[in-house]
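Following are the structures in question.
Presented sequentially are two complexes of chain A, the first with chain B as partner and the second with chain C.
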Partner chain A sequence: MHENPRNMTQGQFSFLPPLTDDQIKAQIAYAIKQGFAVSVEFTDDPHPRNTYWEMWCQPMFDTKDPAAVMLEVNECRKTWGANHYIKVQAFDNARWRESVAMSFIVNRPKYEPGLALARQEGPGRSIHYTVHSYATDKPRGERYK
Partner chain B sequence: MATPTGAKKELKGADRYKAGVLEYKVMGYWQPDYVPKDTDVIALFRITPQPGVEADEAAAAVAGESSTATWTVVWTDRLTAADLYRAKAYRVDKVPNSPDQYFAYIAYDMDLFEPDSIANLTASIIGNVFGFKAVKALRLEDMRIPVAYLKTFQGPPTGVMVERERLDKYGRPLLGATTKPKLGLSGRNYGRVVYEALKGGLDFTKDDENINSQPFMHWRDRFLYCMEAVNRASAATAEVKGHYLNVTAGTVEQMYERAEFAKELGSVIIMIDLVLGYTAIQSISKWARKNDMILHLHRAGNSTYSRQKNHGMNFRVICKWMRMAGVDHIHAGTVVGKLEGDPLMVKGFYDTLLQPHTPVAPELGLFFKQEWASLGKCMPVASGGIHLGQMHQLLHYLGEDVILQFGGGTIGHPDGIQAGAEANRVALESMVQARNEGVDYLAKGPEILAKAAKSCKPLQHGLDTWKNISFNYESTDTPDFTPQVTPAR
Partner chain C sequence: MTDQSPEKSEGAQAFPDSFDLEGEFARSNVQAVLEKLDRELVGLAPVKQRIREIAALLLVDKARRSMGLETGAPTLHMSFTGNPGTGKTTVALRMAEILKNLGYVRQGHLISVTRDDLVGQYIGHTAPKTREVIKKAMGGVLFIDEAYYLYKPENERDYGAEAIEILLQVMENQRDDLVVILAGYANRMEVFFQSNPGFRSRIAHHIDFPDYSEKELMSIAQLMVDAQHYVLTPEAQKVLRDYIPRRMKMPHFANARSMRNALDRAKLRQANRLFGRKDRTNLTRHDLTTIEAEDLLQSRVFQV
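And then the complex of A and B:
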């Protein structure tokens, strides 16, 4: 049977082949054109409810040049790229949205162990589930080595 | 109808209240000079009067029967501020291209309605009046709900933006699938479909409207197996996943019991059917707000009264009521799928669910300017006979804030359910990518899909299987102002 080979598919484009720098820049250009503020975030804990990734920089509210944003992406990659996930986010501050408008992965650690599911059996056949990312068994900075 | 007085104009005082039968328009229900107040509820009806009944009298009759009137004069009206409580028909227009039909505008004072009660609002507006003999047929086309009245309603328990934040999914339509076959699977087999579809790349799977607690699968069994599947898939993909657990039941008490169990098991979403009734919908909506639960509504039953143009009610009114009653998802048409839906009419439904204000747009069937008074947005769901080969059309017609549900289009994939889900996700992501890059994706859709399929076999096989499938039937519910049919594709 066909099995989906990916094990971390957060973001808008995780099912496509990794985006090239030109493709990333095109998405950033779209975001800027929509009036969104683009930001770069990174983490080594891919848990689906790990909401607060580390901020590489503040949302670039006033940056109108996609190349300038791309520079930040590449700086972040240089520092954290070997063993961190990095995503580009676009924030829309328009009334009735005031939230994230775009989010996509632009860097993955070399080795992605994925997540485990722990089950705690309870009464009446009910089970409490815990999704656990293998990487977090080690302290921050020592994961994905 | 005989007019004992033979009066032409509205009667006042002792003449108005003499025992007997009067035409509705002389009783005060027809007031062509009336200017609706900002706080009035306004309803637009499509009226087909009986032969011999004039349009303004028919409109007055509808106003009367949906507010204070009965068939004969009653003196007890004089104990009330009757002029205020009487609904007022104030405008009648001929329906373009339909010689025997009229659009009647009727204004109701807000004090006719209980705050925060769709049941009370609808008991007047679509109550007795639809069986009234003086009209051959009657259809509620649209309503203007005043801000003051809207503010008494909770609205969607979650809303589109908060839902996206909870799911951590942005910038693209969400993907779902309804488990098939809809009836007969055991809990264990049912959960298998859920697991495969979610692991393959969908965000949500869904119970169908008629999956409750039947001999082949009791509800607790379904809930337990589905949550095993949801959590497994979440761990396998590092994404938040959900299955709409249908909590519809024979009694409200059982509905709550099921909702509580869904919560205990950690589900992010529950589901109800429209046939629950408005009171139960508002109750479970408040429960959902209290318990951080997304609330999905399946519009089971609506086509019995929303599809034919001359009688019943337009689905856009259901959209308004459901945004007020408070649901987070509602099925609202696909344009290209197997179920009824003219593109402009569907846009009218989507705008009604998603926009903070909607202007007058007769071509979309929106007759009134509507301010939504910061009520949350309700996510439209497109479901029924859609497939990945239509991804460019779906993105174009339905936009980004929508859940695209490919049931058969996932489970029926020749390489299995995971392959079906993956194919849908790849098709969607490649289309969003192309749109953002500025490509004319509507024209070049098939090319974009073919290119994406080069690195995704499941997409190629899906395209091979479904590329020529379309449902080109004329819609029955079409706009009156720019007559057209669904274009053949």
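And then the complex of A and C:
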């Protein structure tokens, strides 16, 4: 299943081996064809439920070609790529949908320490489970170094 | 893009012995675009010749690549020099179409910008602004009108230099994704290239747009009149023929654009004339489409 069982999974394709640049371009081309606004975001908080990442640039509402998005992805990789996750999102502004239609990871830190299972005891011996990323024990910016 | 270049991993791949240049030419639909260019643009013989040459080069390049001959991605950035109103923007639009048909740009759209669209107003404003424009133009053609305004030698802290730097970088590194066309007056472009040698070396095709002759301007005006469903009376035609050399001698003459403006003003006067008529109740089709000599004669060109 996983290439590396410690990989964070989130959005589309995250159980697959990392996408190549050509595959990323093809996905972006699809998004543009659908009329979605594509954006690039990054984070170093890899919790699977952390959906609000930092924006790298403004969402690209009127780009016609995937090369434009790849330009931003590569710029973002240059700045944050070594120790951050980067994802590409596509926003569908169609009435009644108006939400993120696609989201996939395009960059991972070189080493991902993975997630721990944390247990919390509740009343009546019940147990609540959650995941906790080893990386987030350190402050922002110092994770994945 | 990748689908045009032969797979390098399959070294022993068999390449076809022959290439159907005629068939490829027909498939690419370039002939139709070239014919359209011939039909819609009067004169400009040297420009049309150059475009035909570029189209031929790109087609042969494609043929060579299909036989596995290494050619390297051709540089397609161009500079269009010429006086105002000589058709630079129109030809750039056609160029985008030709490049799209030949598969050298993917989308074939044209983004036309000037200095204001590229250069910001404060520190840190220029780079994102330029990048925004470049992103919009990706997969198509970026047309920079009056490109020499980007470079202001008298102000060494001018932000234009930053825009130039980003442009040069993209022109070099993303030749597959973007074609840049610089346009402007010939002598000022020459100065611009001299002070920015990086641009000159990255531009493969310099095309010079000649001024139109009187006769050509007349047929341009005729084309415009036809396209807008107006008719010039024989007298009006005579007046217009007289108008052209007078207008050419005046300052701020802008070739085809001046013709369009002259016709726009004639249309205005025609509307005014019709409105001032006593029998406004029964205008005929003929009235609405005809431009009379008097509509043109009122021009200030005849008053000096």
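Operating definition for what follows: the second predicted complex is superposed on the first by the 137 of 145 C-alpha atoms of A that agree within 3 Å, B and C clash if a C-alpha of one lies under 4 Å from a C-alpha of the other, contacts with A are read in each partner's own complex, and residues count from 1 in each chain.
Basically, a residue touches a chain if its C-beta (ideal position, glycine included) is under 8 Å from a C-beta of that chain, and two chains touch if they have at least 3 such contacts.
Just so you know, these numbers come straight off a predicted model, no measurement behind them.
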item: Clash or fit (per the criteria above) of chain B with chain C on chain A; value: fit
item: Touched partner set for A:13, first chain B, second chain C, both or neither; value: first
item: First, second, both or neither for A:23, with chain B first and chain C second; value: first
item: Apex chain A: angle to the C-alpha centres of chain B and chain C, given in degrees as a multiple of 10; value: 100
item: First (chain B), second (chain C), both or neither touched by A:65; value: second
item: Touching partner for A:98 - first (chain B), second (chain C), both, neither; value: first
item: Residues of chain A touched, compared between chain B and chain C (which is higher); value: B
item: Which of chain B and chain C A:114 touches, first, second, both or neither; value: first
item: Touched partner set for A:128, first chain B, second chain C, both or neither; value: first
item: Lowest inter-chain C-alpha distance for chain C and chain B in the superposed arrangement, angstrom; value: 14
item: Contact residues common to both interfaces of chain A (with chain B and with chain C); value: none
item: Touching residues (chain side chain A, partner chain C) in the complex; value: 22, 57, 60, 62-69, 71-72
item: Chain B partner contacts - residues on chain A that touch it in the complex; value: 1-4, 6-10, 12-17, 23, 26-27, 30, 46-49, 51, 89-90, 95-104, 114-117, 125-129, 131-133
item: Chain A-facing residues of chain C, complex; value: 2, 106-107, 109, 128, 131, 134-136, 138-140, 174, 176-178
item: Chain A-facing residues of chain B, complex; value: 161, 164-165, 168, 170-172, 199-201, 224, 227-228, 231-232, 234-240, 264-266, 356, 377, 415-416, 418-419, 421-422, 425-426, 429-430, 432-433, 436-438, 452, 455-458
